[in-house]
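Once you scroll down, you'll see the structures, which are given as C-alpha cells.
In the two complexes below, chain A is the common chain; its partner is chain B in one and chain C in the other.
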Partner chain A sequence: MAKAFRASAGIMLAPAVTLIGVFVLLPMLLTVWLSLQDWSTQTPFSGASFVGLGNFREIFGPTSVGRDFKTALLNTAIYTALSVALILPLSVVFGLLVHQREVAGGTLLRTVLFSTYMVPMIAVALVWSKLYSPSEGPLNQLLGLAGIGPQPWLSSPRSALISIVLLNVWQQVGYFTVLAIAGLTQIPGSLYEAATLDGANGREQFRFITLPLLRRTLLFSAVIAIINAVQVFEPVALITQGGPVGSTNVLTYHIRRVGIERAQGGLGSAMAVMLMLSLIVCVSALFAFVNRKDGE
Partner chain B sequence: MSLAWISKLTLAVGLVALPATGWAQAVNISYLTHWSPETVALLEAAAKDFSKQNPDVAITVRAVPFGDLLTTLRSQSGSSDGPTIGGIYDLWLPELARDKLVAPAPDAVAGEVKSAWPAGVVSAASVGGTLYGIPNEIDVYALNYNKELFKEAGIAAPPKTWAEFKDAAAKLTDKAKGQQGFGMINSWAAGVVHPFASLLVSNGGNLVKDGKPALGSRQAGETFALYEDLIKSGASNPAMATADANTTGPFLDNFVSGKTGMIIMANWWESALKTGMADKFANVATAPIPVGPSGDKPHSISYSWMTVVNAKAGEAEQNAAWEFLAWLNSPKSGKNGASAMSDILMSMGILPSRNSDIEAHKDKLGSEFLSGYVSVLADARPFPVVLGGQEFSESLQQTLEALQYGQVSAKDAQANAQTDATSILERAAK
Partner chain C sequence: MSAITRSLTRKRPSGRKALLATAMLLVAVASAFPLAWMVLSSLKTPGETMQVPPVWLPHTPTLQAYEKVAGVINLGRSMWNSLVIASVTTAGILVTSMMAGYAFAKYSFPGRSLLFSLLIATMFLPPIVTLIPLYRMVGSIGLNASLAGIIVPNLANAFGIFLMRQFIASVPDELIDAARMDGASELLILFKIVAPSVAPAIAALALFAFVYHWNSYLWPLTVLQGNADAYPIVISLSRLLSYNRGAINTGLVMAGATLAVLPPLVLFVFLQRFFVDSIVGSAIKG
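After this line comes the complex of A and B, so read on.
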C-alpha cells in the first residue's frame, strides 16, 4: 500500500520536479560550472577551458575587474539595505492607516498606493529622471520654494544611489502595503478589545499585539523586498548607466556588462554565483533571526 | 486524362510550388541602429527605394538606444534570426570579428570600399587586413563654445593653448548664475574618454602606442593635471556633467541653455544642439582643440562607424544585405552624386567618409559649425582600435570620473589608469 502510495506520489510530483530541474536547477548548476571556466559567451560550451577558482580570484583581486565587482557588490548591498529599511516600516504605517475603518477614503488610498506598483518601470524611469533634473527638475524647484538649494540627485556619486532607492521605494511601497494589510486583517479584533479593557494605549497595542503578530507577514515582505532589490536593473540601465563614478553600478547591471557586452562569460558567471550565495546567506540569516525570536 | 484531372493536377503542382517560389523570391533582412526616429524614417525611405528596384528584398529597420546597441548585437547576432545588418562603432569590431559575429565583406564590396574611401577609414573597418564593414560616418572632436557667453566674459577669440583655455574657463565661470566655464561629461564612456583623449593628443601624447597603453607619459600626466585644475578651480562642475543612456541629459541641457561656456564634443551632436537651441544655435562656434604645453599643434580624436553583416545570417540574407549596403553607400542612391547614406548622415550633422560624398556635400560641410570639424580632420588621430578597447574605455571613464569628483588626485588617477589599461589589454590579447 505504502509502495503504491509512494509510486503515485512520484508520478504526481514528476512533472513539477522535472520542470524545476530543467528550468531552475540545471541553469544554476550550469552557472556554477561556467564560473570555473574561461569562456566567451559568443562561443559554444565546448570552447570553455577549466580555470578552477581563477575567476573568483580575479573578481576579488586588485585589478579593475575586482575593483568594479566589489563596488557593484557594495552598491547592491547598500541599495538592498536602504530599500528594505524604508519599504517595510512605510508599508506598516500605510497599512495601519488604510486598515483603520474610520479613515475616510481608505479604499481610494489603497488604490493609489498600489497603482504605483502597476506603472511600467520605463515610464517610472522617464518621469523620475526628469523629476531629478538638477536645473529644471520639479523636486529642486519645490526645495527652492522651501529655501533649500538645488540638490545634485543623480549627478553626484554621493546621492545617485539614494535617489534610485527613493524611486524604488515609491514604486514598491504600495505592493508591500497590501501585504501588510493582509497581515493586519489576520489579527483578531478581540485581542485589541481585551487590551483596551486592560488599559493598553494605542502605542502599547501596536508594540505588544500588532508587531508580534505581523512578524510572519513582515518576514515574507522582507524576503520579497530583498530579492526585488538585489535584482534591480531597469532604473540603472535606463537612467544612470551605473554612473557617476560607478556609484549606481549594481551587480545585475555589472554582470550584464561583463557577461554580455564584453562576452566574458566565465567572469560574469562567477559574479552571478557570488550574487546567488549572498542572497542565500541574507535570506537564511533572516529566517534564522526570526526563528530565534519565535523560540524566545 | 480528363480535363478535370488535368485541372486538379495543375492546381496541386501550383499549390506545392507556391511556397517554394515565395521563399526563393522573398528575402527579409533587418537593420539594427541606434538612430533617432526621424533618422530611422530616412533610412526606411531609402530601404523602400531599394525594395522598389529589388522587389524580392524586404528591409525592416529597428532602433535601440546607443547604450544597448552592443549588448543587442552580442546577444542576437549569434543566430540567423538576429539583425542581418548592424551599425557599429569601430572600437567594437576587433572583438566582434574575433567572435565570428560579423561576416567579411565579399571581394567586390571590399574592392569598391578600398578604392572609394580614405585608407585610414578602410583600416578602421578591417581586422588583420580583412574588410568587415562598409564605413559610413566619421566623427571628430573639436571645441564648441558659446559666442554670446564669450562676448559677455570679454573673451575675443577661442583659446588656442591650454593657458588660454584655463583663463577662458575661469572667466566664463559664474557660480551665482550656475554657469561653468568648461563642461566635462560623465556616465557615458565615449563622452568621458574622447574629450580627454583629444586634449591628450593635442598635448603630444597617446592613449595607446604600439599596442601598449601610454597613459604613464609626461603628456598624459599634464592632461590629468589639467582636469584636476579645472575641477579644483570650479571652472568645471561635475554635477552639471551627467549623460543618460541616449547620450543626452544634463550635460547637453546645460550647454544648450547657456550654462556651459565650452565643451569638447563631436560633430554628430549638431542635430541635438539645433533641436535644443533653435535660433540660439547661431551662438555656437567650433574651434580646434587647444594645444598643451608639450604639444606642437591642435590634434583631436576621430573614430568611425560602419555597417556590418551578421555572419550567422543565411546566405541569401547576407547577399541581399551586402547588395543593399553597397547600393545605400553608392553615388547611385542619393541626390546629386551623393549616397543615400551620406544624405542621412548629413541630416544629423555627421561627416560622411566616402570621398565622393565629401565632394557632393561640399557646400553643407562648409557651414560655420561643420567647417570647424572638417578643418581639424586632417590632423585627427584615430581612437585606438584594439582588442579590449571597450573595457579599456570604460575603465578610463571610471578613473576620469573619480578625478572629476575629487575622489583621486591627478597623480593617482594617472597611475591607476595606466595599471588598469595594461592589465585589460594584456588579458584581451591572450
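After this line comes the complex of A and C, so read on.
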C-alpha cells in the first residue's frame, strides 16, 4: 500500500504544512536571524546588517532600552507566576465543586465558569476598567460593604499589575476548571472507597489520592497557563499603556511597541528570542520537576 | 469523590450540603457578576453611570447607549468584518486540519512522527514571537491593511491538526478500506466517510476556531495599520473607550462590549457540549 498512499499523504499534508511552514516556522526562523541584525521594520529584510550579539547586549545593557526590557521581563515573570499560582489551586477547588454529586447544579456552575472564556479579551478589559473605577466602580463599593477602604486598582504602580492578573484569572479559570474536571473524572472511585475503609479522612484522601493523581493534569494546565500568561496584551494596550510608571509594561506589549511601532525590528526580535528561550527553560524545568516527583 | 469538601465538614451531612451549596453559589455569582454588570450598565442613562456611589440597577432601562454606539463606530461594517474573518478562517482551518489529521492518523510515511512533532511544537509558540517578521512578510506580499492579511496566515493551525488526528485515528480502518475497494478517491473518503463519523470533533473545532478568531485582537490591530474600513468589532470596540474615557461614556462602552460578546457567548450556550468534550478529549488523549 505504501507507494500509492505516499502521494496521497503529500496531497493531504501540503496545504497545512505549507501554511504553517510559511506563516509560523519561517517567521520564527526569521525572528532568530533578525535578532542578530540591525534592521528597521519599515525596510525589506535585505536591508538588515549583521551585528552579532549587539542587540542582546543592548537589551540587557544600562541604557533606557535595557532598563525598559528588563522591567518588561520582570513584569511578565511576576504576572505569569501570580496567574499560575492563582489559576491552578482555584481550578482544582472549582473542579471539585462541579465534580461532586451531593449538591445539584455542578453542570450549571461549569457553564457559568466556562462562559467567561468565550468573552473577547478586549471586552473583558473594557468591563473591568469600569469595575475597577475608584469612584463609580462597583468593586470599591463592595469592598466598602466589607469594611475595606477604597483601592487604587489600575491607577497605582503598586496594584496595577495584580489588577490585570485578577481580570485574567477571572476570564481563564473556567477553562482550567474543565481541565481539572477531566483529571478528576480519571481517578477511580474505588481508590476513595478503599481509603475510606482504611479510615482516611477527607483531607488525607485529597492529599494522598486526589493531588498525586492530578499531577499530570496540573502539569498540562501549568504549561498552558504560562503560555497564555505571556500573551497578555489587550488590557495593557487598552487601559494602562504599560503604566503607571512601567508597572504593567509586559513583554508582548513591549515587543510590539519596539518592533512594530518604533520599527526597531532587530531589537524587538532579540526580545522575542529571549521570551522564547525563557519559555523553553520554564517549561523544561517544570517537566523535570514533575518527572523527578514521579520517580520518587 | 470530593475530598476537599468532605474535609470541610465531617459532622452533619445537612450542614455540609449547605456549605457546598453556598460555595457553589458564591463562585457562580463572582463569575457571572462582571458580565451582568456590563449588561446592566449598557441600559443605564449617562447620568446613572456617573453617579457616586454607583447605582446597581438602571432606574428606567434605556437602549440609548446602543443607538449611540452605531453613531460612534461603524457597527454594521465591524460586525460584518468580524463575521467574514471568523467564518473564512474557520472554514480554512477545518479543511486543512481534516486533511492533515487524516494523513497523520491513517497513512504511514517516512518522517511522519518528526513532522508531527514539529507542527505540534508551533502550538506552544506565543504569536508575539513571530509578529515582527510576519508583519513585514504580509506587507511585502501586499496583504497588509486588508481582511485577507488577517485571514491568510491563520488558515492552518497545529491545534486543529492535533484534534483531528486524535479523533480520526479512532475511525475503523475497515470503513476506509471498504470505500477504497469501491474505488473512492482519498479526498472523497475523507469528506464523505471519515468526516461524518467525527462530526462532533469537527463541530468543536469549528466553534473553537470561530470564537478564537472573532475575539482575536493583536494580529488584526497590527496588520490593519489603522484601515478603519476593515476593523473587526473588537478593534472598533477599543475605539469606543478612546472616544471618551470619562464615566459619562460608560453606558456606550458597555453597550458596545455587550454586542461584541453576544455572538461567541450565544454559540457557546447552544453548543457548549462540544467545547467541553473536545477540551477534555485533547487533555486526556494528549
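Operating definition for what follows: the second predicted complex is superposed on the first by the 272 of 296 C-alpha atoms of A that agree within 3 Å, B and C clash if a C-alpha of one lies under 4 Å from a C-alpha of the other, contacts with A are read in each partner's own complex, and residues count from 1 in each chain.
As a working rule, a residue touches a chain if its C-beta (ideal position, glycine included) is under 8 Å from a C-beta of that chain, and two chains touch if they have at least 3 such contacts.
The shown structure was predicted, so the numbers you read here are calculated from the model rather than taken from an experiment.
Enquirer: Is A:D68 touching the first partner chain B, the second partner chain C, both, or neither of them?
Expert: Once the two structures are laid over each other on A, A:D68 reaches chain B alone.
Enquirer: Between chain B and chain C, whom does A:M118 touch in the aligned arrangement: first, second, both, or neither?
Expert: A:M118 sits against chain C, while chain B stays out of touch.
Enquirer: Counting residues of chain A in contact, which comes out ahead: chain B or chain C?
Expert: Higher number of touched chain A residues: C.
Enquirer: Once the structures are superposed on A, label A:P152 by its partner contacts, choosing first (chain B), second (chain C), both or neither.
Expert: first
Enquirer: Once chain A of both complexes is superposed, is A:L126 in touch with chain B (first), chain C (second), both, or neither?
Expert: The second partner, chain C, only.
Enquirer: Is A:T240 touching the first partner chain B, the second partner chain C, both, or neither of them?
Expert: Touch partner of A:T240: chain B, not chain C.
Enquirer: Quick one: classify A:Q172 as touching chain B (first), chain C (second), both or neither.
Expert: neither
Enquirer: So in the superposed three-chain picture, is A:S163 touching just chain B, just chain C, both, or none of them (first/second/both/neither)?
Expert: In the superposed model, A:S163 contacts neither chain B nor chain C.
Enquirer: Once chain A of both complexes is superposed, is A:G105 in touch with chain B (first), chain C (second), both, or neither?
Expert: second
Enquirer: Answer with first, second, both or neither: which of chain B and chain C does A:S40 touch in the superposed model?
Expert: first
Enquirer: Which chain A residues lie in the overlap of the chain B contact set and the chain C contact set?
Expert: Common interface on chain A, chain B vs chain C: 41, 129, 133, 135-136, 237-239, 256, 260.
Enquirer: Mind pulling up the chain A residues that touch chain B in the complex?
Expert: The touching residues are 40-43, 63-65, 68, 129, 133-136, 152, 154-157, 237-246, 256-257, 260-263.
Enquirer: Could you list, by residue number, the parts of chain A that touch chain C in their complex?
Expert: Result: residues 2, 5-6, 8-9, 11-13, 15-17, 19-20, 23-28, 30-31, 34, 41, 44-45, 92-94, 96-97, 99-103, 105-106, 108-116, 118-124, 126-131, 133, 135-138, 141, 144, 170, 174-175, 178-179, 181-186, 189, 192, 201-203, 205-206, 209-210, 217, 220, 223, 227, 230-231, 233-234, 237-239, 251-252, 255-256, 259-260, 265, 268-269, 272-273, 275-276, 279, 283 of chain A touch chain C.
Enquirer: Any idea which chain B residues touch chain A in the complex?
Expert: My answer: residues 67-68, 70-71, 74-75, 78, 95, 99-101, 178, 186-188, 238-245, 249-250, 253-254, 257, 259, 390-391, 394-395, 398, 401-402, 404-405, 407, 419-420, 423-424.
Enquirer: Where on chain C is chain A touching in the complex?
Expert: Touch residues, chain C against chain A: 1-8, 10, 16-17, 20-21, 23-24, 27-28, 30-32, 34-35, 37-38, 41, 49-54, 56, 95-97, 99-100, 102-103, 107-109, 115, 118-119, 122, 124-137, 140, 152-158, 161, 186-187, 190, 211, 214-215, 217-218, 221-222, 234-235, 237-238, 240-241, 247, 250, 253-254, 256-257, 260-261, 264-265, 267-269, 272, 275-276, 279-280, 283-284, 286.
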